[in-house]
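Next up is a structure, given as structure tokens.
Labels run A, B, C, D and E following the written order; every chain starts at residue 1.
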Amino acid sequence: MTKETLVPVLGVVTDVRVDTPDVKTFRVNALEGGKCFEHKPGQCAMLSIPGVGEAMFSITSSPTNKEFMEFSIKKCGCLTEWLHRMEVGQQITVRGPYGNAFPVDTDLKGQSLLFVAGGIGLAPLRSVINYVRDNRADYGKVAIVYGSRSKDDLVDYPEIVNEWCQEAGIDVYLTIDAAQEGWDGHVGFVPNYVGELGFNPDTYGRALVCGPPIMIKFTLQALEKLGFGHTQVYTTMELRMKCGVGKCGRCNIGHKYVCKDGPVFRYDELGELPDEY
Amino acid sequence: MIANELKKRALELLADGTVARVLGWQPGELEHDWSPALFENAKDMEGFVYGKYAGANLSKYCLKLNKAEGKTLVMLKPCDTFSFNQLLHEHRLNRENFYIIGVGCKGMEDQNGLLLKCTCCKGKTHEIYDEIIDDEEARQPMPEADRFEQVSKLEQMSHEERFEFWRNELSRCIRCNACRNVCPACTCVKCVFDNPNSGIASKANVTDFEENMFHIIRAYHVAGRCTDCGECSRVCPQNIPLHLLNRKFIKDMNELYGDYQAGVGEEERTPMTSYTLGDVEPGIVHERGNE
Amino acid sequence: MQKIGVFVCWCGSNIAATVDVKAVAEAVKNEPGVVVSTEYQYMCSAAGQKMIQEAIKEHHLDGIVVCSCSPRMHEATFRKTAEAAGLNPYMVEIANIREQCSWIHKDMAEGTEKAIILARSAIAKLRNNMPLQAGTSAVKKRCLVIGGGIAGIQTALDVADAGFEVDIVEKRPTIGGRMAQLDKTFPTLDCSACILTPKMVEASQSEKINIISYAEVEKVNGFVGNFTATIRKKARYVDELKCTGCGLCMAKCPAKKGKNEFNMELDNRPAIYIPFAQAIPNVAVIDPEQCNKLKNDKCGLCERVCTAGAINYKQQDELIEREYGAIVVATGFQPIDANPLNELGYAENADVVTSLELERLMNAAGPSKGTLVRPSDGKHPHTIVFVQCVGSRCDENTKRGKPYCSKICCMYTAKHAMLIREKYPDTDVHVFYIDVRTPGKNFDEFYRRAVEQYGVDYIKGQVGKVANENGKLMVQGSDLINGEQITIAADLVVLATAIEPDPTARSIGTMLTSSMDTNDFFTEAHPKLRPVESPTAGIFLSGVCQGPKDIPETVAQAGAAASKVIGLLAKDHLVTNPCVAGSNELLCNGCSQCEKVCPYGAITYIEKEVRGPGVREVRRIAQVNPAVCQGCGACTVTCPSGAMDLKGFSNQQIMAEVDAICL
Amino acid sequence: MSVNEKTWKPKVVAFCCNWCSYAGADLAGSGRLAYPAEIKIIRVPCSCRVNPMFILRAFERGADGVIICGCHPGDCHYTSGNYYARRRMTMLFSMLDFLGIERGRTRVEWVSAAEGQKFANTMNEFAKTITELGENRKLGDLRCK
Amino acid sequence: MMRKFAAAKVEDIIKSIPMPVYAPIEENGLVQYDRYEEGAKLNLDTCKTEKSPKDVLFPQWEDMMHFRVEGKNISLTEQERCSQDYVLFGARACDLKAFEVLDRVFLVDPVDTYYAARRAHGITVAIACGQPEDTCFCGVFGIDPANPTADVVLWKAGEEYYAEAQTKRGEELMANWETEEANAADVEPVKAEITKKLAEKPFANLSLKGLDGDHMMEMFGSDKWKKLSMACLGCGSCTFVCPTCQCYDIRDYDSGKDIQRYRCWDSCMYSDFTLMAHGTNRPTQVERYRQRFMHKLCYYPANNEGLYSCVGCGRCVRKCPMNLNIVKVIKALGEENK
């Protein structure tokens, strides 16, 4: 954790990867090398360009990566537009880690895991997926369903194809929303695909879902239909955050602060909270 | 009693379907803490009141209600009708969405007595209405005070005194935005001070400059459109006489470009959107007075 | 991060003598975004431009700043340079370090410091620039002329002569306008009809000119090059194509009580009439207010006598919609109403007439067949008093008339006086005047002839009262030269009434969104440099609608307007200036303030579904027509929400400059 | 940063309309008519483009004086821009005056494209006025000092 | 140990304190906490200051750090934390209770060091409320205005102040004061009077029944919010005068020379409070209004063992331009759950 609540440390961009037309993945190191801080899978960090703004992003690299942190960032507002203009060598400020992380060492341990991601929603899950890959013995089977609008919008495509797909015990299912030339994989929305694939809640003890709100909503319904219980499903939330430490008063859902008590929520926990997300 | 008459008429209009709701006032927990309220049926209307604590100008609420299904019955005091009419001029409201009852007013009060804005009453005539309900007493003219008296007094002061006066007043500003949010002329869908791309967005008065900036720009943006309804000063939790800034503009415009009252009559050019070939040069403001 | 190149010009020694150009180039190297910064002796030279172009390509520049002479000098040059290298021309900013720096400062340190700040300011602005594209719009090759007086006719003839189609819309049954009512013209005293009617005929016979008479423009939409006008052609109850203009119907029509407008209502005309013998089109028209058939369904005589079968009582107004590239306003004037001027007795005395009435009284085709008689008793007047400046040059505050000089009165009064003295030498003619204004070719000579040769009595002074005493008009006035009050017993008093824009001008101006002054004269785009154009692009001004003028001036202006129209219609496409205003629909309140200050009528409002973060609703929002907007920015400051911004001079750009300068 | 009274020099922002005053400034330049280097010109299409916000911004950022130059009334390239500017600036200046800001820190001057000498004279005069008024303490933002 | 001193001497005592003193100062007819300076008009008798003394711990804006950006490089300078002891003089029981509410936000892990430093350096001198106002309802939240929690507590009895240190820091502070010994029993009638007066106030019997973390869903789902919030202008006056509202914003100001990152108060009543690039989860004033009161009466207690984040100071009751306030909410929602 950065030393002071609201005071960031400086980081430097050491690599910029263009994932999709509007997503770039930035590798960030501390100025003196290494990582700015340690984190757990699913946690976030506040990145900022002074004078432009500060915003919360999932740390997409796994904690098992000891060299650097990575952030996959989709261009959607003023700050992200600026971030996308960054080149290698650009310094930024980083503070964190924030939030609660997926319970990789408790509830998820020993389970077979189903990951369902849509678009940039892969970013927080990628951290978990790679963590699981690096601690393979602790977990059972892994299935990953990932979809996006088009094949060009699949984030981290090379890693998915070259690493995940090649690894034994990991099933990767990719889909895109609409048929496209050069794509011979599955076509259709993620929630439907999840239903079609018919995952068994007894096999896959835990499901981790992340994506746009509408995708999450329908995926949860699809999982429910397949028999997944509310305590078996985790998802992550995104609301306006400013402080990252549950004090500035923005990101609460009921009495829970997404930046502190979240962003990871078990589905049954959400059911106990007012519907304001 | 005018309140009973209003209630009776409102109930009729609700019953015959002329209006879908009534925008009026409801009492509070103490004697004076009345609030604006919406009444949608006869049962709601039991809580309707009108009287000396109905000081709030309801025009601003009409912005939101303009999008509502069906007509809204809105009760407007004479001074409120100027604001409403000005909003019509600016195409922010559709006349056909509202049924206006012009209500009589004897001057409004709060726990401290007559409201500041009522000490310089704009008069007893409603600028716009479908019908008027008032009583004889409400038609009595208010004692007439010179509404520019304090502005003139400030103008007589030296620059240093004026600077001190305003620093003292504006330094109390906590940027709660009550003045802006209540102002029937401040109807921007997004205020420049809330717009991160405007270049002047800010949320707190970090320096004296920001205090000045906020109030100068706010007064400037409503110049020519401000009907002098006085709500800004009424709502200021820090008792800053903000209306003096608006009145300064009004006084200047009256003196330099001819008498003008926003919210009167039909849509026309305001002093800030018109000109004459013989307008005074800006230098005049540096030559006025004797310093 | 943007990639910006900075190029500092020495301008030989013009800049380099007082600005250390190398230091400037060096100082801005570390400005955010700057990737290359260099200097050269003459940036505007071929070699300098090549250097810029190579840098653009080599460094993949997003924008360039040239520190050189005034942008008024070479901005266009460097924009072209950039464009040729593939850079958007509007990603070029100029820091003026010559006219506004090196040439006015002597101290090298001071000049250099300022040049650096100016360069930084240009860089700061450039960081907020957006690539802009100039748009084009097609030009409809047709011209609408509103008004068929001499101004409209002349414009139409000239435009048609260049090969373009022209429609003349005239609200009266015939073209010809005021000039057709005149008897003689100054200073040559030739007959008005003799010089006007050939032009009317020429217009009617031109293949390119389409005269739509008895019609009014009802609506105009669109913008320069692309106007759509709706024209209401009023029912004449006479088929224009069938009517031969034989005049039989006029003779037979039993309703003869219509006021003859052409003769200034000094006599009557039938309900079916042709305004005057040389009318174009020479077609009758039925006055529905007078016609017994139309009012009470009785009579029908004209239908019976018309051998051509042209009468059609069932005729309806016809709406014509047509597209135009240019519109010429030639709505002309009318004399002011003299009735309210009580002291001059116009309302009470038939023998107090206006000058235009006098024109008709003296005209051979007029009510008295050209014999000058008193309207009251038909007797020849022996003493005539002319009163000048009636309703002209009035104090604005008195509201008794117009503040301006009507310009033509001095000359036509001299003409009248001269003609009367010539034809009726036994008549005494007195003229009360404030000043006699005769600037114009042969004008003063003309006036002097009236005084010296024809013995017209000019009295400097104003008339206080005209009273009728036993049939004599007692004109009381002051004689300022002799310093006395005088009274003249006159038989006829002629008022030189002021002229004012035709009453339809205001509504036409509003329709065309072209600005007018407080007197309802149309405002020109520039009072000196663009006198025949309205500020609204594509609208041109011809004749008195723009301000009082006499016939030669009117014809000159009509020709000038025509040449402007031809210049416009000759283009297939108009290239629009991309530095125009635009409204951010997410911020726009639709409050209509911007529209009020736009001098070009470029702003309109639409109801539109607005979508944005958390927003999805129908709102009234402003829209700027980029083909019409000239980019002044008046709207941007009026807009309280900051929705309206000006491309090329945006709020952010200007504030960035301010910040950089004040740093 | 401490301000040494002797080395302090005023900062002046001049907004000049493109068609008249900016050209007038160019003419002053071609005529080598000197005026203080502290005056920096910002080109705007018309004086009516000058938003009161810009003027306040300049003061916020440390300007000591702001002058707006446009075409003479009646000569506006856009016919009416300077008339609007005239009203807007009158109102703004009056408000600044009302708030107790020193008179003379703001000015409007109509300078035609032919008036190079007038431009230089105006700038010299204005710089002198601002120098006499001294540093802008009442309307600046401390953070920019 | 109870001590006393003449009420007339209070200003001398304040002047004798060798550190900055923040006290209620009257200016332009308004009483506000401000740094006491010679000549300022001290007003310790007014029950309610316009704004709460929250500013002392959590100022409306505070400079947190500065950045300098050069090319791709950034340098960061932190603003120093408060390092000097100061005295907050004249605070009331409700205001001090509010500090406890703030503590549970800012001092829980991860600690807000800016706040923590100010809190640690503050010495509080409280005054028992002699004259509760009509809008006061601190008792509803279990706050005893006669017995504030502070380092030193003052009671005014006649023309004298009775003073008692409640902490060691309080004792140290009082050690330098010129006081005389007093009998603690003399204060009891004063306390009884205060309790009596408060009980007579209009809102004294307000019931909080049914308002707590356990009733979250009912409270949240109530259809009364729409009517309750109808007149809300969405201004921030209630939140800014509130002693417990702690929402803030962090913003950067680029002066051209450096970039200042500062924290300033924000208000959950503002339409842009939760606005993100793709919208807001509280799109209308109904949701924002609900959030504020749910936070005070439900969410906060749910996270803090039932402690409400309202202290009944009544400032919002007094300041709302449209006379909306928490009392009306409590009455509307509490009754519903009865």
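In this section, a residue touches a chain if its C-beta (ideal position, glycine included) is under 8 Å from a C-beta of that chain, and two chains touch if they have at least 3 such contacts.
All values derive from a computational prediction rather than experimental measurement.
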Chain at maximum distance from chain E, centres defined as averaged CA atoms: C
Pair exhibiting more inter-chain C-beta contacts, A-E or D-E: A-E
Greatest separation from chain B - chain, by CA centre: A
Identifier of the chain whose CA centre is least distant from the whole-structure CA centre: B
CA centroid of chain A to CA centroid of chain B, Å: 50
Centre-of-Cα separation between chain D and chain B, whole angstrom: 35
Mean-CA-position distance for chain E and chain C (Å): 67
Touching two or more other chains - residues of chain B: 192, 197, 199, 206, 272-273, 276
Residues of chain D whose C-beta touches two or more other chains: 52-53, 57, 61, 74, 80, 84, 88, 141, 143-144
Two or more partner chains touched - positions in chain A: 78, 87, 90
List of chain D residues in touch with chain C within their complex: 11, 13, 18, 22-23, 25-26, 28-30, 32-35, 37, 40-46, 48-54, 57-58, 61-63, 74-75, 77-81, 84, 88, 120, 144
In the complex, chain E residues that touch chain A: 64-65, 67, 69, 72-76, 78, 105-106, 110-114, 213, 216-217, 220-221, 246-250, 252, 254, 259, 261, 263, 266, 268, 273-278, 280-282, 287, 291, 294-295, 298-300, 302-303
Residue ranges of chain B touching chain D (in the complex, touch as defined): 151, 154-155, 159-167, 192, 199-200, 206-210, 212-213, 216-217, 219-220, 223, 245, 248-249, 252-253, 256-257, 271-273, 275-277, 279-286, 291
Chain C contact footprint on chain E (complex, rising order): 69-71, 256-257, 275-280, 283
Residues on chain E engaged by chain B in the complex (per definition of touch): 27-30, 32, 50-51, 60-61, 134-135, 202-203, 227, 230-231, 233-237, 239-241, 249, 251, 253, 262, 264-267, 270-272, 317, 319, 321-325, 327-328, 331
